[in-house]
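You will see subunit A twice below: alongside subunit B first, and alongside subunit C after that.
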Partner chain A sequence: MQAWLIIAYGLLIVAGVALLVFAFRTGDRRYLYLAVLLFVVFPVVIVLKFPTEISPETQLLYDAVEKLPDSSNVLLTFDYYASTLAETEPMSRATLRHLFRKDCRVLTMTTIPLGGPSIAERVTREIAAEMGKVYGVDYVNLGYKANYVAVLKGMGSSIEAIYPTDNSGTPLAKLPMMSRIKNYADISFIIAIADNDIVSYWISIVRAQYGTPVGTGVTAVSAPQYYAYVGAGQLTGMLGGMKGAAEYEALVGHPDRATKGMTAQSLVHLFIIFSVVAGNVIFLIQKRRAGAGGQA
Partner chain B sequence: MSAIEIFQIWIAAFFTLALFSFLYRDNPCYRLAEHVFAGLSAGYEVGLIWNSVIIQQMIDPMFTGGEWWLVFPGLLGVLMFARFTRDYHWVSRIPLAFVMGTTAGIFLLSELHGKVLPQVQSTMRSVNPSEGIGGVVLSLLIIVGVISTLIYFYFSKEHKGVLGGVAKLGIWFIMVSFGAHFGYTVMARISLLIGRVQFLIYDWGDTFTRIFS
Partner chain C sequence: MKTTVPVIIAFLAGLVMVLAFFFDPEKSFVGRLEPEVLRWVTIVGGFTLLLGVVSIIRVNYGGVHRRSSGWGYKLATVVSVFAMAIPAMLPTRMSPLFGNGPGSIYDWLFNNIDAPMMSTMFAMLAFYIASAAFRAFRARSPEATLLLVTAVLVMLWRVPMGEAMLKGIHHSLPEYINTYIMGGANLAVQRGIIIGAALGAAAMSLRIMLGIERTYMGN
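== the complex of A and B ==
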């Protein structure tokens, strides 16, 4: 590691500890906010690479996509709001790159009204342009439909009945790719990227009733509840939060924003652990001193 | 990058900073951002539902496809507005009863076959030593964890003696689960901050270089 990098990060740690001391002394939590901001901004500007270890859940999803025959039909969902873009968008970008690299035909959709349709449109068009894919032939964006239970059930019979047109209003019958995809029976794999409980409906309605394998990418908040489904084989792989996205970026061989964000993530976690330990030690010392003062 | 894209990024940057300003103290910029978000979200959603549901799935099929039976679900939807009247608010219970009935029917089977049974099945683990010591220990942990946690939530008998001991063990498993959830929640919240900082530095910062170069 270069000397200036060590000095820079050393100064960052000193500043963080100083702000923590100020926070303890004054009881003003804004010093803590400032410290966290420092630990986030610093690694984004001065990048320090931390090693990325691939978790078994991420590897499972990657392997499942890798094993798909070329030109398979895959459904990729954008079931997330703009508020969780930092975690979920890198997952969508990495999985799309992987799917397009395997020449899969990608069908995208969303059950989220706010942001979902436009995020799906923006991300798919951007990655498709990068990979030389054509709309209507290699990918189609179905857009949004309300009432996700009816949507998930209805697509088992006919996708066209639920989505008569794509996100731009073009009838599905006019899109060449859709002549091969009528319902779940024509879809080899589903990747549900979500920031809410919709993944459990993909499991209970689609995976259980139609048998189409489902993999997922979820925000870190909801990741713990889905480990049980991966363990039971109901989910074929899972990306958990920004870390999962960074792991997938590493597997696809295209490090992007999740990878860049993981340095800040690791530093803030170390700072939080240090703050919790320091806070408890100070609390115990103060308690012991108060006890000793009382006895005297 | 076009001028309109640069303008959009500047608007997003302003609202990001306005919302973060609340961390210092409440202020008019924060309140402006909050109100704009609430108003925009409501307006956008109304427009989207009107276009994707009312027009695409009711009006168009009726007038172009002759599917006049769609009048009935449409009428059920209209009945929901009876909730705003004093004398006829009870009428809104008819579409609600329909929604509750269909939802219960769909979820009864999907939850049972899609979640409960497979999850119960996955807790019936093999403790065969041929699977290796690690596998046996993990299986035992799952079996003990599931049983002790279920016993903690069994309130028909006082938690004393053996039952009390097992229930206490269940609390430990629940605590470990809470710890994992909390750790992941911290990661999620920090990720959101990282996302905004990346937006401000990479995207907003990029507009400065484009404007001034």
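== the complex of A and C ==
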């Protein structure tokens, strides 16, 4: 590591600790907010690269996609709101790159009415342009339909019955790719990228009732819930939070937004841990002093 | 009559969905009925969205009309609903700016106003969590200490710098955290919660189908 980088990050840590001390002394939490801001912005300006270890859950998802025969039909869902884009969008981008690299035909959809179709359009078109893929031939965006339970169940019988047109209003019959995809029986793998409980429905409705394997990418806060499904073999792999996305980017060999975000996330995590430890040390000292005062 | 008809509809719709699971979707009457019911559910779902839009306009327009407190925010809500909805509903043959495809007004408003605002709201959590961690996360009891130690270990494990630190202590420590905390204790507890919630959902569905649970009708 370069000496100036060590000095720069050393100064950052000193500033963070100083702000924590100010926060304690004055009781003003704005010092803490300033420290968090510093730890988020600083690594964006001065990048420090750290190697990312691949977790077994990420490896499982990558291997499942890797084992798919070339030109397989894959359903990729954009089941997340704009609020969690920092965590979930890198997952979509990395998986899309992997799928397109394997020449998979990608069908995208969303169960989120607020902006779900727009996110799917923007991300898919950007990666498709980068990989030279053509709309209607290599990928199709189905968009949104209300009532996700009925949508997930209905697509098992006929995708066209639920989505007569794609997101832009083009009838599915006019899209060459859709002539090969009628229902889940024609889909080899489903990757549900989500920030809510919809993944449970992909498992209980689609994986359990139609047998199509499902992998997922979820926010870090909801990842613990899905370990149970990965352990039971009901989920074929999982990306947990931005770290999961960074791991997948490393596997695909295309470091992108999640990899860049890892340093900021690392620093904020370490700062929060330091704050917890410092808070507890202060708590214990105060408790001991109060006890000593009571005895006197 | 006001409650009997909805209960009968709920019972029949639920019964079709339960029975269809056991019948051939192509060869049996019940199996063929299932996609029809699902199509109806999707259409009804669309109407519930419309109901939501009508409701939000009614409530907020009333506030603006009466100049109640925060009426400016209510006006912003009403204007935003129309600004997003009207261009999205107009046909694209009139202009490429209409509809909800790439390059449309709706798409621009979402990507440049809505998405950054939602991300900002969510990002604020980092500041509150840091503040709360410093002020409130205390090892006051053995249970709280266990929670605190587990949280610290998992937070370290979830970031590359923390992972490197854990490896410095013992090269297999990150792997142990994944195996014993996330894939062990966490998995066991989550499985219990999931099974419990599923049993609860099944019981609730049965209560709705049999008309015992009627709160969804406002009773």
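Heads up, the rule we're going with is that the second predicted complex is superposed on the first by the 296 of 296 C-alpha atoms of A that agree within 3 Å, B and C clash if a C-alpha of one lies under 4 Å from a C-alpha of the other, contacts with A are read in each partner's own complex, and residues count from 1 in each chain.
Throughout what follows, contacts are C-beta pairs under 8 Å (C-beta built on N, C-alpha and C of every residue); 3 or more make two chains touch, one makes a residue touch a chain.
This is a predicted model, so every value here is computed, not measured.
Trainee: Contact-wise, after the overlay, does A:A146 reach subunit B, subunit C, both or neither (first, second, both, neither)?
Mentor: In the superposition, A:A146 contacts both subunit B and subunit C.
Trainee: Contacts for A:G261 in the overlay, against subunit B (first) and subunit C (second): which applies, first, second, both or neither?
Mentor: A:G261 contacts subunit B only, not subunit C.
Trainee: Applying the touch criterion given at the start, work out whether A:L114 contacts subunit B, subunit C, both or neither, answering first, second, both or neither.
Mentor: After superposing on A, A:L114 lies in contact with both subunit B and subunit C.
Trainee: Which partner does A:Q234 reach: the first (subunit B), the second (subunit C), both, or neither?
Mentor: Only subunit B; A:Q234 stays clear of subunit C.
Trainee: Classify the contacts of A:S168 with the two partner chains as first (subunit B alone), second (subunit C alone), both, or neither.
Mentor: Once the two structures are laid over each other on A, A:S168 reaches subunit C alone.
Trainee: Which parts of subunit A are in contact with subunit B and also with subunit C?
Mentor: Comparing the two interfaces on subunit A, one with subunit B and one with subunit C, the shared residues are 33, 36-37, 40, 83-86, 113-114, 117, 143, 145-146, 149, 153, 200, 209, 220, 224, 228, 231-232, 240-241, 243, 265, 268-269, 272.
Trainee: Flag every residue of subunit B that touches subunit A in the complex, lowest number first.
Mentor: So the residues of subunit B touching subunit A come out as 23-24, 41, 44-45, 48-49, 52-53, 56-57, 60-61, 103, 106-107, 110-111, 113-115, 118-119, 121-122, 177, 180-181, 184-188, 190-198, 201-202.
Trainee: Mind listing the subunit A positions that touch subunit B in their complex?
Mentor: By the definition above, subunit A touches subunit B via 30, 33, 36-37, 40-41, 44-45, 83-87, 113-114, 117, 143-146, 149, 153, 164-165, 200-201, 203-205, 207-209, 219-221, 223-224, 228-229, 231-234, 240-243, 257, 260-261, 264-265, 268-269, 272.
Trainee: Applying the document's contact rule, which stretches of subunit A touch subunit C when the two form their complex?
Mentor: Those in contact with subunit C are residues 20, 23-24, 29, 32-33, 35-37, 40, 50-53, 55-56, 81-86, 113-115, 117-119, 121-122, 125, 143, 145-147, 149-151, 153-154, 157-158, 161-162, 167-169, 200, 209, 220, 224-225, 227-228, 231-232, 240-241, 243, 246, 262-263, 265-273, 275-280, 283.
Trainee: Note which residues of subunit C are touching subunit A in the complex, please.
Mentor: 17, 21, 25, 34-35, 38-39, 41-42, 44-46, 48-49, 92, 99-102, 106-107, 110-111, 114-116, 118-119, 121-123, 126-127, 129-131, 133-139, 148, 151-152, 155-156, 158-164, 174, 178, 182-183, 186-187, 190-191, 193-194
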